[in-house]
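For reference, the structure discussed in these notes is given below.
Naming follows writing order (A, B, C and D), and every chain is counted from residue 1.
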Amino acid sequence: MELGMIGIGRMGANMAQRLVRDGHKVVGYARTAKTVQDRVNEGAITSGATSLEDVVKQLSEPRILWLMVPAASVDDTIAQLLPHLSPNDIIVDGGNSHYQDDIRRAEELKKHQIHYVDCGTSGGVWGLERGYCEMIGGEDEIVAYLDPIFKRLAPGVEAAGRTEGRTGEPTTAEQGYLHCGPHGAGHFVKMVHNGIEYGLMAAYAEGLNVLRHANIGKKQHLVDAETAPVQNPEHYQYDMNLADITELWRRGSVVSSWLLDLSAHALMQSPDLSNFNGRVADSGEGRWTVKAAIDEGVPAHVLSAALYDRFESRNEAEFANKILSAMRFEFGGHHER
Amino acid sequence: MELGMIGIGRMGANMAQRLVRDGHKVVGYARTAKTVQDRVNEGAITSGATSLEDVVKQLSEPRILWLMVPAASVDDTIAQLLPHLSPNDIIVDGGNSHYQDDIRRAEELKKHQIHYVDCGTSGGVWGLERGYCEMIGGEDEIVAYLDPIFKRLAPGVEAAGRTEGRTGEPTTAEQGYLHCGPHGAGHFVKMVHNGIEYGLMAAYAEGLNVLRHANIGKKQHLVDAETAPVQNPEHYQYDMNLADITELWRRGSVVSSWLLDLSAHALMQSPDLSNFNGRVADSGEGRWTVKAAIDEGVPAHVLSAALYDRFESRNEAEFANKILSAMRFEFGGHHER
Amino acid sequence: MELGMIGIGRMGANMAQRLVRDGHKVVGYARTAKTVQDRVNEGAITSGATSLEDVVKQLSEPRILWLMVPAASVDDTIAQLLPHLSPNDIIVDGGNSHYQDDIRRAEELKKHQIHYVDCGTSGGVWGLERGYCEMIGGEDEIVAYLDPIFKRLAPGVEAAGRTEGRTGEPTTAEQGYLHCGPHGAGHFVKMVHNGIEYGLMAAYAEGLNVLRHANIGKKQHLVDAETAPVQNPEHYQYDMNLADITELWRRGSVVSSWLLDLSAHALMQSPDLSNFNGRVADSGEGRWTVKAAIDEGVPAHVLSAALYDRFESRNEAEFANKILSAMRFEFGGHHER
Amino acid sequence: MELGMIGIGRMGANMAQRLVRDGHKVVGYARTAKTVQDRVNEGAITSGATSLEDVVKQLSEPRILWLMVPAASVDDTIAQLLPHLSPNDIIVDGGNSHYQDDIRRAEELKKHQIHYVDCGTSGGVWGLERGYCEMIGGEDEIVAYLDPIFKRLAPGVEAAGRTEGRTGEPTTAEQGYLHCGPHGAGHFVKMVHNGIEYGLMAAYAEGLNVLRHANIGKKQHLVDAETAPVQNPEHYQYDMNLADITELWRRGSVVSSWLLDLSAHALMQSPDLSNFNGRVADSGEGRWTVKAAIDEGVPAHVLSAALYDRFESRNEAEFANKILSAMRFEFGGHHER
């Protein structure tokens, strides 16, 4: 098939390449000409375009325009594309849009007889090799039409052992892509996927932090009225080797996972992770997941805590902490250390 | 009555003074002679002692020894006192001991026919004026014997409006002191009191932090693939006056409390709380409360979160955050800012 | 002044009455004629109206229409009122609207030259007696114009001791009402107020639950491979009297508050609270507070946990729990009890 | 080697079998004679014993006694074994003991010249096939002596792809077993492992619950003063297929893990999980992990929340919720539904 890939940064370029290798034609576009030229040279795209209009011109109808741009730029990009499109063209948003924006956009584009598909994509920098897990929302016939592309981008059924009890021809879910429902359903599932990801990451991070501090009994502690003594220092005399422990858990344990594999790799390279400072970004989906939980009225203690831990890593609790110190000073005359 | 006050720092001295004003005899002791002399000069104690033995000698039997020393020093202090005591003497631990230590100590002292009473005390630096809320554990007859002292230290019934439906002679609870149960019950109640205190403080702190950042829409934000844009900056254009708002809530609102009174005072003096750095200490009871909840198998989401926020204010999540950054780098090539 | 009170349920009627007692003229309206008649008979309102149009007709210009209706009905009510209003009339939303709706409404009404004021109101059923804490958003001159009404509804400066360091003529904040900022600022502050309220309530509830289970060591526990034994049953032998303990804390303790006063009253009446089933409603502001925290990127562990505890009290975690049980069965063959 | 397996329930029997298959001699014991006979018949053990004394008699010195009994029975079992043991015999606790009990036991047994090794074991009912991940604490030479047993029980290096950058002879960690440190270190690591497991499970459970309720906008909601309306029902119209979604995520996504594999299997079998009631047990390690975090002063928001969610699934928040309802009734006259 033919497809225009708009946004050929790391992720978009890898996706393009995976398609090109399979014989699909991919016209690539980025805002800087050098990026486009680099991708052509790497063979990641079939041809480069000099403008959005140029992308459109190089494709035959019905055109498929796959966007891999920041969530904040999607509306602008669509607005710029729209004058050049024809009825029945298809826009796929493969980035991290909020699913509610998908619902809105699909409705607006429908007036122009343009189809819209949202495709949440997981796989990160490993996708070129591992394939991409695709969570798709949109109209049945359009999603079906794009099937060859989704199938090629997906990891394929051999990427994991078959679930006991699944028989017959593997479903698309078993191949790593799924039409989740109407407009927005793809990004909704991707949103929750990332919300879960935050929770999983935080679970490992907190647990490893407990292991890291298992030697706290070896350290000297103050004895004063404001800080309770470590109750049993003899119980905290362990110097744990986190690189070995995470490696250990990769085999046979209940907590084995891909995120654990990555942690084992990172800790092997740098046991103290001294190359990181611990300011953790969040890219929106974690926030949206918690908001969705609240809208639905379902509890999300863990997912929220994972999100807030990131905020705190960026010092956003500072004023709250000052309030606490101020109260302590007010009622007890406690001075901070 | 006569009483030895061991530990006459700020809190012990104020308590002594409250008793002295009422005609009780208080022999005071501190490790530094100057402190003892200062307290005598201030009239906070009836007389000073030069040693624990000296305290004991100045009291008539059965002696009452009231300890106001750091939790970590209680066992030592008792061990030093013990050789000088006689059967039927009474030790009151008025500090912040773990209630399980009370149970142990009471058992040990019983072998020497010494009585032990645990008395959790709330009131901070305001107690001299407001009186102390006392949560008491121990044997019935001993607690009854000490009643005049507890009553005098307590705020008294007039410190709050009478609860509708309470009639007759005010109970001791209504006067601000209560025999909560056997050994350890006093400090157990005090422990939970402080656990709740942490939760209340955190609720105000988090809420005020939300108000503080209500102008975030005025600030410039990055548009990139890793950080979601502020969704609706037009909704966050408020510059809130926290000193006024906390003052406002003191009257007629559901969140009025003594902690709010203190917050209003602190924020009036320094709207940015720039005199604080936000490293918040914790003195043990918050930890013990959460552990008790876990032992009991009851959920304590809020009390735990309040405790952990304090740990985080002291940067104890740093390694956990580095784990998160390392994972993000591993799967997505994300670099920290 | 003259004012139309639209919505004269419990809260609206009490507010009306507080104004009527002070000589203001209040025209009251409710959807059921009987309610209107009852309020007239009680003297809560000066006169009753048979329709929204009738309310408008009974008032002189510029009219003040104070809405005390469910948040979901505010837009409808305004739409019905609008045809009967004249330029410079003022609509006050005294209910629990989302502040973002205030921003939108103010903008829409401005086109009709109608002024809009949002007034978050705390005080519950006690407001008639205690006065209402009012958090106000809107244009300076309009809020100033309404000052006599706000002042009369507020508790007044004598409702709390003056904050040390505040001097001169008491500010409106000290009287219990505050112009917090432009449109929406009032409900924003009220929103966070309620968010904090949820947190405070949860802190007390969790702590009292820990006290309630302090006798867990007295109960028999299973010894099997799946449930850890209570580690130290001898430490959990206390039968705590919660009515006494909450009463105790009202005087001299750090956790004294109005919510504690109410808890002491409830527990005195029914120590087991057997008249309640524990399904806890939430009326929106707690949700909005958490969403605002997320938009702002500030942590809100405690406020969120308090909110989720309410969702859980209504069994909304059921499916999540089934997932946990299913996983446990899958990896360990664990059967539920 | 020769080894006595004390406790041959599901897990002990499978471990025995894995050793027997490799040519080790395993004497098995259980309290009920029938279990012993069954295991002999199955070939899971080399021979059965009629008593603890009989186990000891059938082994040559230095004996290896491997305990697979409930944590609460370990001390009793050791006490019964002790009279029959000889210096240099080795007791391995392969169950879920608290690591602090390991420290105590090792010290006590040392007086009898008996060696003690703690071995936290993960693998559940799958271990026979997948192998067991072993986390080991104890003396260097003793752990080295037992190496053939640990190695045989472990999954082996081929159970996971090799971590990039690891070269040379695979370490024991890479084979799935690790000597983590001195006495207690094994169970400490296992404890944190399970703490993390709780967190991971909760992250999936909460996220899947959000997906499950993505159709909430289709349901009718009340419009009243106490419950905020669902703000945007049009955003929650999705009927998600959780069996497909969990299957989907197994390939190429960031959240792939063994726990996800199990979830996909469970949901395929029963999309509504109607065979579960959602009362989730907890077996101690989650509690101990949180307590360790508190002792160390490191935050554990997520691990705690996961633990409390289990308590709540068993209705342990009931009284706390009643407190909330009581407060709401007190300040607002709110009646529960």
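The criterion applied here is as follows: contacts are C-beta pairs under 8 Å (C-beta built on N, C-alpha and C of every residue); 3 or more make two chains touch, one makes a residue touch a chain.
The structure displayed is predicted, hence computed values, not measured ones.
**Student:** If each step moves to a chain the current one touches, what is the fewest number of steps from chain B to chain C?
**Tutor:** The least step count works out to 1.
**Student:** Where the centre means the average of the CA atoms, what chain is farthest from chain D?
**Tutor:** So the farthest one, by centre of C-alpha atoms, is C.
**Student:** Hey, how far is the Cα centre of chain A from the one of chain B, in Å?
**Tutor:** So the centre of chain A lies 44 Å away from the centre of chain B.
**Student:** Per the centroid of Cα atoms for each chain, what is the distance between chain B and chain D, given in Å?
**Tutor:** 37
**Student:** Two or more other chains in contact with one residue: find those residues in chain D.
**Tutor:** Residues 124, 202, 204, 206, 208-209, 213, 231, 254, 258-259, 265, 282, 287, 295, 297-301, 305, 308-309, 312, 316-317, 320, 331 of chain D touch two or more partner chains.
**Student:** Which residues, counting only chain D, touch chain B once they are in their complex?
**Tutor:** Against chain B, the touching part of chain D is residues 254, 282, 287, 290-291, 294-295, 297-301, 304-305, 307-309, 311-312, 314, 316-317, 320, 331.
**Student:** So in the complex, which bits of chain B are touching chain C?
**Tutor:** Touch residues, chain B against chain C: 99-100, 103, 122-124, 127, 130-133, 135, 154-157, 159-161, 163-166, 171, 173-178, 180-182, 184-185, 188-189, 192-200, 202-204, 206-211, 213-214, 216, 230-232, 234-241, 244-245, 247-261, 264-265, 268-269, 289, 292-293, 295-303, 305-306, 308-309.
**Student:** Please name which positions on chain B make contact with chain A in the complex.
**Tutor:** Per the stated touch rule, the residues are 9-10, 70-73, 95-96, 98, 124-126, 201-202, 204-206, 208-209, 212-213, 223-229, 231, 258-259, 262-263, 265-267, 270, 273, 276-285, 287, 301, 305, 309-310, 312-313, 316-334, 336-337.
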